[in-house]
Each structure stands twice: as C-alpha cells, then as structure tokens.
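Written below as structure tokens is the structure these notes are about.
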C-alpha cells in the first residue's frame, strides 16, 4: 500500500517537473511544435481534472463536460468580437457563464441518477452545441475567429508562446491544488460519502443534492477556464469543441489516467493526446486502432494508469 | 393548411424512425442493463449496407432486405465478440467501451467507403407523389416509411406482448435470475435481443438513407435524440418510447417549420431570423427539461419493481 | 412517567392492496428502551423507515419531542436528533471506520460547505469520532477501511455512527442480525450501556436480548400493534401467545 503511494507520487512529481521544464527543452532543441502541442495538452488536462472532481470523487458520470469548453471559449470569442479585448473582463465572464450553465443543467439532471444522468448531461451539451451552431452573428457552424488574444494590460502576454504555456500550466496547477483542498475538506468528504453510499449520507443528515450541485458547479466553472484558455490557444472557437465526442475524449482521459486520483487525469490527458498524435503519424486511420484500444482498456485496465501503477508496485 | 398536413406527416415519419432506434436502445438497456452508445453506429451501418447492396443488386427492395439481414448479423457478432463481456459491469464501462466502438466504426467506414458520403437513389415507383386527401399530395417514399415503421411497431408490440419469446423478454427485464432458473439459454436470448435491436436501428438507417446522404457520423446526432426520447418516455418502456418518439418527432419538425414565422410576428424580422434556428433546435431539449422537472422518471415509466 | 419523546399516532402505510402499517400508535417516553417485535413480514422495517423518513406514511402522524415530523425528509429528522442503524449494514464501504464516524459528527454540526480546510485535521471531528469508536470498542480499528472490517465490527461501527450524530432517539433495526454468540453478547452489553444516555427504539429478532433489555415491548402482527407493555405483561398476554408466539420456544423461557 505504502509503496503504491510512493510509485504514484514519484510518477506525479516527474510529470509536473517535466511539464515545468518543457519550454526549456523546446527552446534548447528549437522544437516549437512540442510546446504548442503541450499547451493544448495542459489545457485539456485542466478540463479532465475538473471532470474528475465530479466523476471520480463525486460519482457523477457527466457526458456533457465539453459544453463548458465551448461556453468559456465563446465568452472570450463573443466579447472579442464586440470589441471587449480585456482578459480581466473576458475570463470572469467565461467563468460566470460556465457556472450559471452548470447550475441550471445540474439542478435539472441531478434529479436523476445513473444512466439517466449520463444521457441527460449528454443531451444538454448537445443542445449547447446546436445553439452555438445557430448563432449566425458569431459564425454559426463555421465558428468564430479571434483576432486578438485576451489582453491582460501588459501583465502577461498571451501571444508569447512561453508565457502563454506557463499561464496555462499555472492554471492547471492552481486547479489541482484547489481540487486537492476541496477533496479533503468537509465538503469533499460529504461529496465522496455520497458517491460511496447516498442512503447512509441522508440518514446521518446530509441533503445530498445540494452538495452534489455545488460540486457540479465548481467543476463546470473550472472547465470554463479551460475553455477560455483553449480559445486563446487556437485563436478560434467553434461549435465543434462542444461536440459530444469531445466530452467522450475528456471521459477517456480521466478513466485512462485513473479516476479519483489527483494527477490521474493529467497523466491520462498526456498519454491520450500523445497516443492520438503518435497513431495519426503512423496511419491516417488512427481511430481504428484507438477504438479497440479503449475497449481493451475498459475490459482489462481497471483503475487506469494510476491503478496499474498501484498494482505494479504491490507486486 | 397544406403545409401543415405535410409537416405533421413529416414529423410523424421522423418520430417513427426515432422510435425504431429508441426501441432497440431501451430493449437492450431494459433486458441486458447495457448502455450502448454504438447503437447509432448500427443505424449508420444499415444505411451504408443498403447503399451498397442496392447498387449491387440493382433492386431497392432486395438491397434493403439484404442490408437488414446484414445489420442483424453484425449486431449479433458484435454482441458475441465484445459486448457480452460488458454485462454486469459498471455503466461507465459501457459508455467508454461503446464510445471506442463508435470511433472504430466511423473509421472503418471511412476506410472502406471513403470519406465522401454515398447517395441511395430511390426507384421511380417510390418517387411519385401520392394523393392522400383530396388535393393533398405526399411523397410515396415518406408514406412508405410511415407504413413500414407503424407495421414494425405493431409487430414489436405483438411480439413482446403475445409470444412466448416476448414473455421471456419481459420476464428477463423484470427478473434476470428467474429466466435463468426456467432453463432458458439466456446467452442466446441476449444475443437475439441485441440482434433485434441492431436490426431495428439498421432499418431506421436504411429507410432514412434516401432522404439524407449516407455519411460518417450520421448515427450520432439521431442517437442523442433517441436518448431524449427515452428520457421523456421513461427507461425500459416500449410504449413510452413510442409515444415520446412521435411527440419529439412532431415538435422538432413543426418547430423548425413554423417557429421562424411565429417569431417574426413577435420580433422584428432580423432578430427573429437570428433567434429562430437556435431556438427551434433547443425546443425538444426544453421539453426534456420540463419533463425532468415534473416527472424525473419519465412520462410513461415501465412497471416499477 | 417521563416526558414523551416519540409519539406515533394512527400511522398507515399501504403497498398496493396490502396494509403494511395499520393504524399503529406508539408512545416512547424519554429514557425508555422500547422494543418492537413481530414475526417476519409484520411490517417492522416499514414502520422504522417511516419513523426515519425514508418512507412517507399515507396517513397518521409522528411527533418527536412534541414536534410534528411526519412530512419531514430524512436528513431534517436526523438534524432534529433521530438516528438510525440499518438492518443490512449500510456504511461507506471505501471510507475508514474513523472517517465514517467523523462524517456523522460533521453532520451533527449543521452544514458542511467548507471547501478549504482539511477535514481530517479538524480536532473536534476527530475527537468526536474517536470517542464514539471507543464507546463501541473499535478504537484500534479506526484506520481500517470498512470493507475490511468483520461483520460484527461493521454492526458496532453502525452504532458508533449513530452515536456520533448525538441523537435524542436511536432507532436500531436488528443490530444483532448475523452476529455470532459472543458478538451478540457484546452487543447486548453495549446496548445496556447506551440506554443510560439515550432513548432507544429497538427492532430485534433475538428474543433473549429483547426481554433482557427492553423497558416496554410492542408486538406487531400484520402491521397492527396487538399488544404493548412491560416484558412481563407481554409474556403473559394470551393474544400474543396465540397470534405470534405459537411456536413457543422463546417467551416461555425465563432468563
């Protein structure tokens, strides 16, 4: 048990160190592509970490988490389109919009459990997708180009690759820190208790839905941040970021890395996106390998990479 | 008036297709407790099979029958090789594994048939308009879809309610151990049920194919609509799926047809034409939200245990 | 007689055509240990579930300390001092024993919307948890995950969880179920300690334990209370003998 924790901690520490030193590697080798790629990985790792908060710790299997990527992104894109370029406005609006969406969707879908919950979150995210496709003023189906990245009054320059990368990484680490605190707090204990045995939690006096809803909103808000960063990264936002396969990707990252472990989703995002990159270099039809691979992971790889690391070190 | 009748029929036709999909989903879920996201892929495969077989045989009907058989077999093979290993596992495992299957099917289709869509041309005898009421014509093919789907719905109802195997299916849905105890080969029953669900999805796909293009990912959007149908109708209930599917089909079709005009009477035409597409695509989700508020277990839930 | 803590008036609950609770009336004064017995299917668990709010009665009322709680949801009743242990062990299986109890202590303090401080380092919660664990003799098992505790230990932990909510009224649904002889004896001893501090409603099949512990007993048959009184009057009650104790192996026995 102890050594399992140790192996995991070592892997997690190496992961963070690697991410911190990546720009150094990129500038030494002159490989810009790797920095661009990892900026995207870090942003999506943030989204996966936020999904892990509700899915791994809270037991809420949301299949609509990519909706917040779009909402955060559209908040930035639409404000930029209307001439409001300040990040001090764009980012808070992105977070607030995500929080409000999560509050409404959560209040409705948390009336149900299990498969219903999966289908309903999926359906509401799809609704967000269609609404965005219908926004003719903001590009509709074709999406919206962002001509200028969020402006933070000279504090940080998002158009500088390295600065932007470190901003994303700082956001990721901040979110991981918050999740770690939340999970071990009174609130987090209640949410995990609800995952473990809801009936018991009600019997000792916890109104379950309220705690779940707050957790759902926190996770949605965090993912909205990821969406705002993602839009800045691609200088573009389109309904496609909300498409349901994106939500599926996020779920895969969480499961692949290890649900309910702090660094699991980050590891999952790194492995999944690198694998995608690698396979697509081998064959244009990379998904024909990825699909069955997922199936195998589900059938044989319980607990994700973190779970395997745990078993591995226990012998 | 003429437009209204036509749109109501369109809505009915769309709703019946949704029912074919939702019925398979809800059967598989009710009996095997399996969440199958790849159900939409079977719908897509039905369409691709039909386009291929019709081109080969030169006969629409023969091609369609072959395609139906092919999806049935494909479904049973899928169940036998992979999905049966997922029974009894967590729903999350189902979601992920079948998500993997979707990736696989989409890519396999791209590999075999190429990225461009296919067209499935109708034979001339199905393209003529038919006079359904004095002065009101409706395309023969859409009418045929309505008739076929209604027939299938009736057969399904009779099959589940009146036959021995239907009785087993209903028994299995409410008490898994019991049919095992009756000495029924439960594995075979599961494979058959899954094949039936696949064939229903394939039928929906191949019937829809001549109206839309046959393309990759065509099953995904309609799958989510089928989920909405199940949420509204109540999980595991064929009757609920039928009523909810027709309801959703009508509201979606009529909303898209008439909402822009309705909005134009309230708003100025510029903002109306901006809001209308977004609003009409939201309609059925709003409906679902309303159902969730009033009756979270769906409008027509299956008998509770 | 002491002040009434629990008062149940003409409670009715149906399932389809069957009346599972048929105009049940009960009075439990402060400090009493009141046992409810009855053959299988008499509606004991249905009754308990209505007291805790997991099941709503169709008519009738329930008062706790004079306050009408008939329509309150379970978590509100719990906040008013009503705690329950479940017939089938119902704990948080992937939490440690200490965390299970600490959560109950946390529930006692009202809301838990604290997002930042480490709950496992909160002195008050840990102390309350360790005290409750000590009461049931599980101190040395505090950091063991529930799924690795023995069945007997899980039952004791159930009790510790209920205690940690500092209840006025403890509803125990078959605490001896599935326990061996020594474990049962330990449980009886434990209950004898607890009854000094808290009012208890006990549903139990183990007649020896019931007659040893109870101040008063109510006999439930087909959802109706056919008799209510001290162990001695119940033992002598003809209707009870006829209706319920036809297989005489329990009550006739003195001990």
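Each chain carries a letter (A, B and C) given by its place in the written order, and its residues are counted from 1.
To be clear about the criterion, contacts are C-beta pairs under 8 Å (C-beta built on N, C-alpha and C of every residue); 3 or more make two chains touch, one makes a residue touch a chain.
Because the structure is predicted, anything quoted here is derived from the model rather than measured.
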Most remote chain relative to chain C, going by C-alpha centroids?
B
Identify the chain pair joined by the greatest number of C-beta pairs in contact.
A-B
Between chain A and chain B, centroid-to-centroid distance (C-alpha), Å
31
Expressed in whole Å, how far the mean CA point of chain A lies from that of chain C is 44
Mean-CA-position distance for chain C and chain B (Å)
50
Which residues belonging to chain A are in contact with no fewer than two other chains?
none
So in the complex, the part of chain C that touches chain A is made up of which residues?
52, 54, 73-75, 78-79, 83-84, 86, 90-95, 99, 102-104, 106-108, 112-120, 122, 161, 165
Touching residues on chain A, where the partner in the complex is chain B:
61, 63, 108-109, 111-112, 114-116, 118-120, 122-124, 126-127, 130-131, 133-137, 244-245, 248, 251-252, 255, 285-288, 290-295, 297-299
So, in the complex, the side of chain A touching chain C is made of residues 181-182, 184-190, 192-193, 196-197, 199-208, 211, 214
Parts of chain B lying in touch with chain A, wherever the complex brings them together:
29, 35, 82, 85-86, 89, 91-93, 95-97, 99-108, 110-111, 220-221, 224, 227-228, 230-231, 235, 273-274, 277-279, 281-282, 285, 288-289, 292-293, 296
